[in-house]
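The structure is given below, and queries will be raised subsequently.
As written, the chain order gives the labels A, B and C, with residue 1 at the start of each chain.
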Amino acid sequence: MCGIVGLFLKDKALEPKLGSMLTDMLVTMTDRGPDSAGIAIYGSDKDSKVKLTIQSDDPDADFSTLEKDLENTTGAQVSMSVKDTHAVLEISHTRIDDIKSALGELRPNIRTMSTGDIIEIYKEVGLPKDVAERFDVASMSGTHGIGHTRMATESAITTMGAHPFSTGSDQCLVHNGSLSNHNSLRRKLKREGMTFETENDTEVGAAYLSYKMQNGSNLGEALESSLEDLDGFFTFVVGTKDGFGVVRDPIACKPAVMAETDQYVAFGSEYRALVNLPGIEDAKVWEPEPATVYFWSH
Amino acid sequence: MNEINKPKDGIPQTAPIKSATFTDPINAEIRRAAATGIYDIRGGGAKRKVPHFDDLLFLGASISRYPLEGYREKCETSVTLGTRFAKNPIELDIPITIAGMSFGALSGPAKEALGRGANAAGTSTTTGDGGMTPEERGHSSKLVYQYLPSRYGMNPDDLRKADAIEVVVGQGAKPGGGGMLLGQKISDRVAEMRNLPKGIDQRSACRHPDWTGPDDLEIKILELREITGWRVPIYIKVAGARPYFDTTLAVKAGADVVVLDGMQGGTAATQDVFIENVGQPTLACIRPAVQALQDMGMHRKVQLIVSGGIRTGADVAKAMALGADAVAIGSAALIALGDNDPRWEAEYNALGTTAGAYDDWHEGKDPAGITTQDPELMARFDPIAGGRRLSNYLKVMTLEAQTIARACGKNHLHNLEPEDMCALTVEASAMSGVPLAGTNWIPGRNGDY
Amino acid sequence: MQTLDMATTELREVNSTLQSQKADTNQRVWEVINPKGSHAIACGLDGPIEVTVRGSTGYYCAGMNKEATVHIDGSAGPGVAENMMSGTVIIEGDASQYAGATGHGGLLVIKGNASSRCGISMKGIDIVVHGNIGHMSAFMAQSGNLVVLGDAGDALGDSCYEARFFVRGKVKSLGADCEEKEMRSEHIEILKDLLERAGADAKPEEFTRYGSARTLYNFNIDNAGAY
């Protein structure tokens, strides 16, 4: 059970402020999710390289020589920027697979949070305010982003149990609710070759969407079929390279508020998350319909 | 030797054997379902045999531990509930409370008797799925007001008159189910209190109408505290479903007290299939709930009340030794009032049942005049005498629990520990986390499978 | 008029100030500024005062209201005026889900749209929505009137008892045991009065009445599919 925030900017002038606006929204959702927090931020695609966001529980040891070690092993050029327990590796498209396999050998304990041209995912255990500070989310710029605060229901409070979950290149998923058929679905997806890091129901939702998209569905179709195949209560927000989507289960008990102005589209589990956005007084504010897939893209 | 397995022509015959799967009661139920097309509805809790407190024993004291003298050396029984956030926690003389039972399910005089008995014994009683009656408030010095999905009779005046508020998420008899009150019991007064047409079959909602999940519950609790000025404790009652997670989430949502009701806990009426097949035995629920509180550093700060099959002072002592702060009784209190008393045997027989088995409370024909709204039957029940029986029983249970605690060398019931007990069966040992008698073995805990 | 500023005043103080105004108070007009979507604002009021909340509110604004008039000059979050007993709650903007849930009395006016479960389990409250209402509205509604000038979403009045629903626009679907009913003169009278009190510019004759078909009041195996 959780809080979700999302912000999709139409006005380029706001892009430098994306991180600070999203941080403010995230912190208002602390009561809904005090256990862990995470954010997916979609930055700029200026250098045409792939971004690999990784996480380590022992960042000093794992990250200190990683850049060099990867270059020595693969011969590929790697640029790394470290943010607390996370680091973003930028690599050319042609060498991403080599880097991934080298990373697995050199630092088997490192975990991949996201891969894509522009996405970066940061998530950790702790209060949303502290998590946002550790990664200095407020200083980040970008076109859109999604944040999540988690109150764990059944699965453990861990970094990997925090949201967002990566569902593919430049894609991620956050969830508020509780699925009721995720164990069977996890077993089914495992047989199909999907891998799992946690016992979290949302990870099953994420893997389900990934699986559908690997098998020919686009994101919209995958979300449509989730309404059939996932049982339980959910509000999902999915991030894509050029925007985000929202879907609620047919019962739609878990809260969701949207706001739109000429400058942005925003999502919040509660209106409180939206109150400090510019021009919110005159924004179009509404609640997404149940069992309906919404998308906003650039 | 009877006729059917008598040798025929000098040859011994196969004896007729009834199926252990298709038993007489099962077959009768199949025939009943086929004839009527409706599931069996009844009151009470699980009747099937499940591991229970009877499967635990106390070790007592001897040379390594020293007992306390009965009566002369004190053994305290008091408990304070709701110390976390409430300005006015509830202070009880004994750790045995009366569980929520509705006016509607019970007659007005029966509710009055519960209040009288609880008062005399120094404990609290609880409303139910039908609102608060003036008789009940008047006769209960400490009254817990239940906040249920149906919200029948819910109003801010009664809320502010309550000594504590119990947000009911679930009930041991039917985790995930709503209440039922069938037409026979929707009398004029019940109909008016619940704002329903007289004589209908009322089915309550299973989820609260205006919140779902712990993140919303936290806000609901804020509202209830704001309306009551943060004065009274907020209990959250959960069924024995996933006690570790449910206890954790109740505490995260802001509960002062968690009430945990195992599958033997009763109900006024629901489907038999629900009562017998959903939920965990009380014995299996306590340790995970206590573990959850301990993991958050909240054991004894958020109090745990356990219910579902508490019958004796030994059960009270055992629940407390497993980590509960108090217990609640429902079915046992009704029996103390006179429910299922053999003195009405002829009338039970006329209803097709027998004393001790009568559970068609929803039909409103209770010969003892307790689970009914029929004025003639209700008149059989004297609330003053009933209250006296209940207070006697509560006092006996307390004395029994003290007897055990003193034998274990405890000057307060709260000082009983799991280590004061042993388990008689492997099942009870695994469920309660208490070692099997004569061993140090707890299946599933210390590795020695 | 007295002003309470939530930018500088704690929720507890705002509510205890408003809650302590009883029948004999001479401070009858209040405003709450900077609500910023906070929860449980002006809940549990118990006197004939007028409170205007300038801005949008979170969950359970005006919850369990008695006698007071609460005006929300913005939109309301989930469960606005839940379990209201009497008085009036007016929302200038939209209302989120569960508006007027389990309300026992009083009048709830929503000038914009109401989301899902509007009037769920209502027990005597009157609700007038100038716009549309969402799915599962008036689920298990027991009594009172729900008036909708716009359209109703899926499953209106599912498992309802004796509550009345008046809808001017389209109903996407009716819930189990809810049916269209004849609009008789007594219903026109009820509706006329409610529209007037809610400041709604509509004619009673434009509405269709819905209510319980009463087929689920007592269990019947032939209705099992509806349970």
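What we mean here is this: a residue touches a chain if its C-beta (ideal position, glycine included) is under 8 Å from a C-beta of that chain, and two chains touch if they have at least 3 such contacts.
Nothing here was measured: the structure is a model prediction, and the numbers come from that model.
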{"item": "Any chain in contact with chain A as well as chain B", "value": "C"}
{"item": "A-C against B-C, pair bridged by the larger set of C-beta contacts", "value": "B-C"}
{"item": "Gap in Å, rounded to a whole number, between the CA centres of chain B and chain A", "value": "44"}
{"item": "Whole-Å separation of chain centres (CA-atom averages), chain B against chain C", "value": "36"}
{"item": "Shared-contact residues (touching 2 or more other chains) in chain C", "value": "58-59, 78"}
{"item": "Sequence positions of chain A contacting 2 or more other chains", "value": "253, 255"}
{"item": "Two or more partner chains touched - positions in chain B", "value": "216, 219"}
{"item": "Partner chain A, residues of chain C touching it in the complex", "value": "36-38, 55-59, 75, 77-78, 93-94, 96-97, 113, 115-116, 134-135"}
{"item": "Complex contacts: residues of chain A adjacent to chain C", "value": "252-253, 255, 257, 270-276, 285-287, 289-290"}
{"item": "In the complex, chain A residues that touch chain B", "value": "1-3, 31-34, 151, 153-154, 176-178, 233, 253-255, 269"}
{"item": "Touching residues (chain side chain B, partner chain C) in the complex", "value": "36-38, 150-152, 154-157, 159-160, 183, 194-197, 199-201, 203, 205, 209-211, 216, 219-220, 222-223, 226-230"}
{"item": "Residue ranges of chain C in contact with chain B within the complex", "value": "11-12, 15-16, 19, 39-40, 43-44, 46, 58-60, 63-64, 66, 78-79, 82-83, 85, 98, 101-102, 104, 117, 120-121, 123-124, 139-140, 142-143, 159, 161-162, 217-219, 221, 224"}
